[in-house]
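See the structures that follow.
After this come two complexes, each holding chain A, first together with chain B and then together with chain C.
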Partner chain A sequence: MNKVGGEKILSIWWFFVLALVSAGVVGGVFLFYSFDLDVREVESGIMVNRVYDCIGSNGFLREDVFLDGFDIYEYCDINKELFYKNGSEVYLEVEVFDLGELVFSNYSRNNDLKKSYDISSEVEFKDPPKGFLGSEVFLYREDGEIKNMDVKVVFVSDQKGESLHFT
Partner chain B sequence: MKIFFSKKGSSDILAPVVIFIILNLLFFALLGYFVFRQSSSASLYEEMYAKKIALLVDNSRCNTEIVFDILKLKEVAEKNNRDMLSVFDFDESNGEISVKLSSRGGYSYRSFSSCGLELELVENNLVLKIGEGKDE
Partner chain C sequence: MINKNAQVGSTVTWMAAFVVIFFLLILYFVGVGFLAGTAKIFKNEVRYIESDINSLASQRSMLVLLNSEFNFLGSKSSVRNAIEESVNFYIDDDLYLKLVSYNLDELSNVDMSRKSEVLLSVFSDSDEAVRIQNENLEKEAELRNFLMEELNDECYSYFFKFPLFEGSFFKGEYTDVNYDSYKLTIYVDSLSKSFVDFEYKGVSYKVKLYKAKSIAGDCK
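Our next item is the complex of A and B:
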């Protein structure tokens, strides 16, 4: 085999290897950094804990929950508008059961989000909303009697954040 | 490496080998620089810090102050010639926390707390002053 020809073939081959390596690294880096930091599940857990923290005190359910006109958003310092506006990206559901009987409930507007979240555990689809389902037992004092109340809190989030572009 | 060896004098042999090594080193250095640039890009830090702040606020009770280390963010802002005073923004009407590290854009994420929020820069820290909210 001609030596000069062999050198040429090898240098072309070497450039091909370099191009392949750089394409792999560049592609990998872009792919890695283009992924969103998904915090929706963590966010849902935080919000569920926020609700439990404000409606309970030392393991007891606060009596205020059963007052007329009780607003869980105001009581827990949660921005209600974000849950009731058109195309809301979040859903909050609070249910209180006394021996299996529903005694308090509050559902925010975007029920479709909750349905998508429920379905996502059975059917696989692209980028479903993430959520957190909490279930806790609180004590409640009524007429001198202490009883158990089951409190179910569900928070579903589809908030992905927004990139801002200035012109 | 056999290709660079010929039957000519030793000085003729050495030159192409050195050039070959230098070019290779240059190539991998450029590749490394590219990876480093990408890993410290503004958009990544904008998203990371906007989400961190929003989650911190959601996870806090009203009337709370949180001191938050932003040294790394400051370095990125300086690299982009961005004044630190214009990096953070909070829109009280929709709870949107924005982080803008370059003049091209930024990133915003919503907090669900209605307590209110004030942001204050103290040296390398960001102080999150979460408002009073409802009357206790």
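Our next item is the complex of A and C:
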């Protein structure tokens, strides 16, 4: 009936197996969370598309864009605070050109972010901000005539890790 | 010791299990390490596939194109109206629809002589048939010329298809090719596609616009 010794041997292997499985779980979780997922470029692309879809309709640029006091953030239901707070990590730029002449523009606060983004295409440096530059043509009806307008939208993001609510 | 046989047996089982689990774990870590070193998803970035990011832009540029105005048969008309006016003629007569088994998108594959035969069978007056045929050709030519102006880009080649013709537009030139041939002429792996459905008298057809960015020279 003396089985104590046998149980001791079994317990040791049990502990080995438990330790091994625990190490596997901890290691797996550590590996999973140690990889950063950089969504800045994707985020920028989505925002640029959102702005285009907001200021354009069926191929035409909305007339509201040229109204006095037009606020693109309010109009497009974008959280303006994120773009104008101190140390903002996101930047939005919208420019509308009529035959090369700038007829509407809106630049958010952190212009340095845009400069860094521009420079990053020419000079290589560590972890530059990511962005998306859109350039599309929209139609605009003025005095019964339809003309083309170039609309440039730039979104730059340098925010990582924080969940921002753009709307 | 005789009474301990069962315990020793399960201990040996767990020793073997330990070794198996240990090697499975090693394989797991090696696999994760391999993926981390090679797979793109572990390169710390999530990227759009170019065709995805451009597909929305492509759909918008399609709408711009369809609403653009140009001189069509002596008066200003949108591309949308010009397409409808050109295509609806073929829907008005059942003979054309029979020719393409009621799939109007196939009309661009029907050659001119077959269309002429149908036209002559519809109109007893051959002069009238020729006049209408010339008018249809003129409509197609005007539309094609406008597309040549509008889809004129140094860096993008376009493929435009609607029931009357299909072809590619690049640097202001039009080439009469089908989609398969077009795909062979472009040297990019991403192609953004957009299309709009039209309907007239219960017959629907598609207008398609494909766009591919050239990777040559400054366009890269």
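Of note:
Note that the second predicted complex is superposed on the first by the 128 of 167 C-alpha atoms of A that agree within 3 Å, B and C clash if a C-alpha of one lies under 4 Å from a C-alpha of the other, contacts with A are read in each partner's own complex, and residues count from 1 in each chain.
Simple rule for what comes next: a contact is a pair of C-beta atoms (placed from the backbone, for glycine too) under 8 Å apart; a residue touches a chain by one contact, two chains touch by 3 or more.
Quick caveat: nothing in here was measured; it's all calculated off a predicted structure.
Judged by the touch definition given at the top, the superposed model places A:Q159 against chain B, while chain C stays out of reach. In the superposition on chain A, A:L67 makes contact with neither chain B nor chain C.
When both complexes are overlaid on chain A, the residue A:G56 reaches chain C alone and has no touch with chain B. In the superposition on chain A, contact of A:V39 is made with both chain B and chain C.
After overlaying the two complexes on the shared chain, residue contacts for A:S22 are found with chain B alone; chain C is out of touch.
Of the two partner chains, chain C is the only one touched by A:E136; chain B is not. By the touch criterion defined above, A:D77 lies against chain B but remains apart from chain C after alignment on the C-alpha atoms of chain A.
By the touch criterion stated above, A:L102 is placed in contact with neither chain B nor chain C. Once the two complexes are laid over each other on the shared chain, residue contacts for A:W13 go to chain C alone; chain B is not touched.
On chain A, the patch touched by chain B and the patch touched by chain C overlap at residues 6-7, 10, 21, 36-37, 39, 42, 49, 53.
Touching chain A in their complex are the following residues of chain B: 3, 27, 31, 34-35, 38-39, 41, 43-44, 47-48, 50-51, 54-55, 58-59, 61-62, 94-95, 98, 100, 103-115, 133-134. The residues of chain C lying in touch with chain A in their complex are 3-4, 6-8, 10-11, 14-15, 17-18, 21-22, 25, 28-29, 32, 36, 42, 44-48, 53, 56-57, 60-61, 63-69. Of all residues in chain A, those touching chain B in their complex are 6-7, 10-11, 18, 21-22, 25-26, 29-30, 33, 36-37, 39, 42-43, 46-47, 49-50, 53, 73-75, 77-82, 89-90, 159, 161-166.
Taken together, the chain A residues at the contact with chain C in this complex read 1-3, 5-7, 9-10, 13-14, 16-17, 20-21, 23-24, 27-28, 31, 35-39, 41-42, 45, 49, 52-53, 56, 58-60, 132, 134, 136-139, 146, 148.
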